[in-house]
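Presented sequentially are two complexes of chain A, the first with chain B as partner and the second with chain C.
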Partner chain A sequence: MSGKPPAGHFRLLYFASATSYTRKSSDDFPAPLPITDLPELLEKKYPGIEKAVLSSSAITVNLDYVDVKEEQQAATTSEESKPMVIQEGDEVAIIPPVSSG
Partner chain B sequence: MTEGDEQGHSDLRRTIKATAASPSQCSKMAENSTLFHCLKEEGISVALTHDTLDARSIMDEVRSPKAGAIVLFAGTTRDSFDSKPVLHLSYESYPPLALQTMLSIARAIRQKHSLTAITIIHRLGVVPIGEASVLIAVSAPHRQAAWKGGEEALEDVKEKVEIWKLEEFGGEEGGIWRANRDGAAGCQSG
Partner chain C sequence: MEVADLYSTEGLLQIPPDLPSLLHHVSSKRLKMDGSFAELDNDQHIEQVKCHIQSIESIVDKLKSDFTEMEAAHAKGPADFENWRQQSDKRTKEVLNTWMKPPLRGESPSQEEPNQGESTRPLSQSEYQKYGRQMIMPEIGLDGQLKLKKAKVLIVGLGGLGCPAAAYLAGAGVGALGLVDDDTVSHSNLHRQILYVEGGVGLSKVGRAIHMLRHMNSSVRYVGYDYRLTPEKAVDLFRDYDLILDCTDHPTSRYFISDAAVLTGKPLIHASALRTEGLLMVLNNPPSRHGNNDEGHCYRCVYPKPSPPASVVTCGEGGVLGPVVGVMGTLMAMEAIKILVPTTQQADAQVTSPDDHQPWLITYSAYSIPSFRAHRLKGKRKDCVACSGAATITRESLEFGSLDYVAFCGGRVTYDVLKYNQRMSARQYKYLFEHGKDQHALVDVREKVQFDIGHIDGSINIPFSDISRDTDASMIRLENILDCDETMRPGTTLHFICRYGNDSQLALRKILELPRCRAHKDMAKHALWHGDNLYIIGRDIIGGLDAWRKEVDEDFPDY
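On to the complex of A and B.
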């Protein structure tokens, strides 16, 4: 988890149920990647993760929440609006439902 | 989006970028060598620590001659969930994001209730049953604002802050990641 992702990659961080499912705290994936492609990429690497984890989780890119469904809708309803693209060096995170307190 | 500064997961410098007025940050090694993260600005302090929480010290942080009331809330770890005995609990976090969220909650609540000061601290790692996992202290000129502000801060923290609780029941089934949102059992831990 320390250091930075290798050149041409972004880092995806896992927490709580995402860590349990992947049995890892992070993965490095090639960048750039449209954020709308992330769920499919993860489902291929970790079959079943979409239903078990992603469907109830949020996603952040560099500490900002990104609504992936909204990005998908924007991409399909208008040819001009492109979904957000994850860039080299970005820190992306899967945020399962929180439980502090 | 494409900042040149690639920084690590626990590096706090990034938490500054989303905030207009930069809070000061403290990241120090405590005496027993566990890391302590916090952000501070006038009247506000938010922190994450692996140490035992100390109610006296966070009350002292909000203490002020301008305040006529301090309200302190301590959330403590319970030994059961739905009458199932819990062996122990542990918390993990995404520290830079959790601190950013705690700071924005503290700012909003302090302004809304005209609080003199507010401090929120959450413990991470294993928290033995009966010990405090979260402390919130608020001070205000009068008690009503302090009661209300303290309660609202706690509700916002439980709803939003990026911290996760793992309840270990022992035996074969492993632990459960709790979700505050619906109060139901979350995912099996593995």
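On to the complex of A and C.
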């Protein structure tokens, strides 16, 4: 996959064990999407991915680290604080820890 | 004379008068870094003698080239000869100074002696020659070179990351390079671990690395630690160094090295690589004094939770391309130079690093465009258990082993998931293959790329990744293959094999968990039912194809 995601979509890049799990280097999903909904969306498409990959991964949106757990907590504890929303054309990366060397 | 007497404290062979016969005797043992000897087996003994021959040949070569210089100087006249002799003495003194220095322990950087009184210049002539090309870079300069010369860098792990990192830091002229690894060189290392040669297979990585690095730059002091680093030892060891490079290959060491770096206040360069991808971060920079949130974050701030053990693979299992891990190790050396010689302090630096210490994580994907991405990190977690004001990890918890890193990382993965009567040895399978009465099929659960490298004739490839994703669908695929084969009848027994005998057990267990896999009333065995047809679940082969090669077919590819 190359170039930009199609209109109304964002691109999700997979790295290391996320690539092995999905057998893809990326996917395009409809935008906008609150980042807190990303785990559920992926779990539906790739059953088991949340426990095996997402729970320990770093996630970045347009190269900025986003703590999805923190966003989830903030969304549940306060009505006003809205979670971050992934926009059309955004690039989201899933970066699991790699320990080999 | 005791064998140990032949070696200096640095592990160097002192050349005695009757060298060849003694060498043979010495070579049946290997000097370990703690001063004791390990017995070598016959192959290792032969390799070690080969290595000794190579070392001595390189000494002879050097002697010959020195002699050519000497003769040329002599031919020119007495003044030139005297000049040559002085140069030669100076070089000898430099080499001896490097090798005869006291151990690192207890030495503070202020005790470093830049010159020996003869010259007022801060570097020797050979150092100006060796480092000239990097010293004329304004980012380094003479001042930066002197900083490098004072620096003590510890490299933990001498694999695909540690080898290039060590080579470039040795070349750059750091003062001391500490090298930690308990492993020996194997053939499967050579495509990426660039400090080793075929003749070194079976020998200590630390020993072979130091041997090679001395040939690259004899001015650096090399200190070998021929053991596996543990949380108990890490804090004590890190204190002796200015900077730590984590070149290890396991989640537990990734966590305790980060914790020990925080506790000792040392910056840490962290990299890893697997298959076609790599990852790089600079951690604890500037070093943390507990509780100050402005300082460098640690590994736990980025990855508070380790991967579940089943998704952890080491290079041996997962494979890796040499240049991928090489590029990551090389980047580590560059980050080390940037930390040791901050460009903000170099007056003429044309390229300066940002002052704000924006933390980042670099990912490298060899087959993607762009290959490199720099992700901005958030820095310290307010509740980090290692480096925040709320930290609970202490020096004591590491030194007395009260922190169980293995348990934190999900425990030891034990692969003995099947009962004894569900397994058989490779030899037993061979017997069954030749003399068995029951019809059987062998299912090879390795990935296709490995199956294509070599497989047992007639075996069927159903990759474990397919089985773990959808066991039922992959079994239907297998049944379809068997149904098309006229020699296979329902009632056939299915046996399972993989590379080392781990995945095949997991695959078999997954199949046994299928609802349509039920006990067969006549045979006390499980069978996979498909309508009225059934396939009997046989056994997994202990040790996989690795055992098959060792016990049955030595020609099977040892990849």
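In this section, the second predicted complex is superposed on the first by the 97 of 101 C-alpha atoms of A that agree within 3 Å, B and C clash if a C-alpha of one lies under 4 Å from a C-alpha of the other, contacts with A are read in each partner's own complex, and residues count from 1 in each chain.
The working rule: contacts are C-beta pairs under 8 Å (C-beta built on N, C-alpha and C of every residue); 3 or more make two chains touch, one makes a residue touch a chain.
Quick caveat, the model's predicted, so the values are computed rather than measured.
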Fit-or-clash call for chain B and chain C when the two complexes are aligned on chain A: clash
First, second, both or neither for A:93, with chain B first and chain C second: both
Partner chain(s) touched by A:15 [first = chain B, second = chain C, both, neither]: both
Chain B versus chain C as contact partner of A:3, first or second or both or neither: first
Touched partner set for A:83, first chain B, second chain C, both or neither: neither
Doubly contacted chain A residues - partners chain C and chain B: 2, 13, 15-17, 20-21, 23, 52-53, 56, 60, 63-64, 93, 95-101
Residue ranges of chain C touching chain A (in the complex, touch as defined): 157, 159-162, 247-251, 253-254, 271-275, 277-279, 302-303, 305-308, 310-315, 318, 320, 325, 328, 361, 363, 365, 367-369, 373-378, 465
Partner chain B, residues of chain A touching it in the complex: 1-5, 11, 13, 15-17, 20-21, 23, 26, 52-53, 56, 60-64, 84, 87-91, 93, 95-101
For the chain A and chain C complex, residues of the former touching the latter: 2, 13, 15-17, 19-21, 23, 25, 51-53, 55-56, 58, 60, 63-65, 67, 93, 95-101
Of all residues in chain B, those that touch chain A in their complex: 1-4, 6-10, 14-15, 17-18, 75, 91-94, 96-97, 100, 122, 133-134, 154, 157-166, 177-182, 186-190
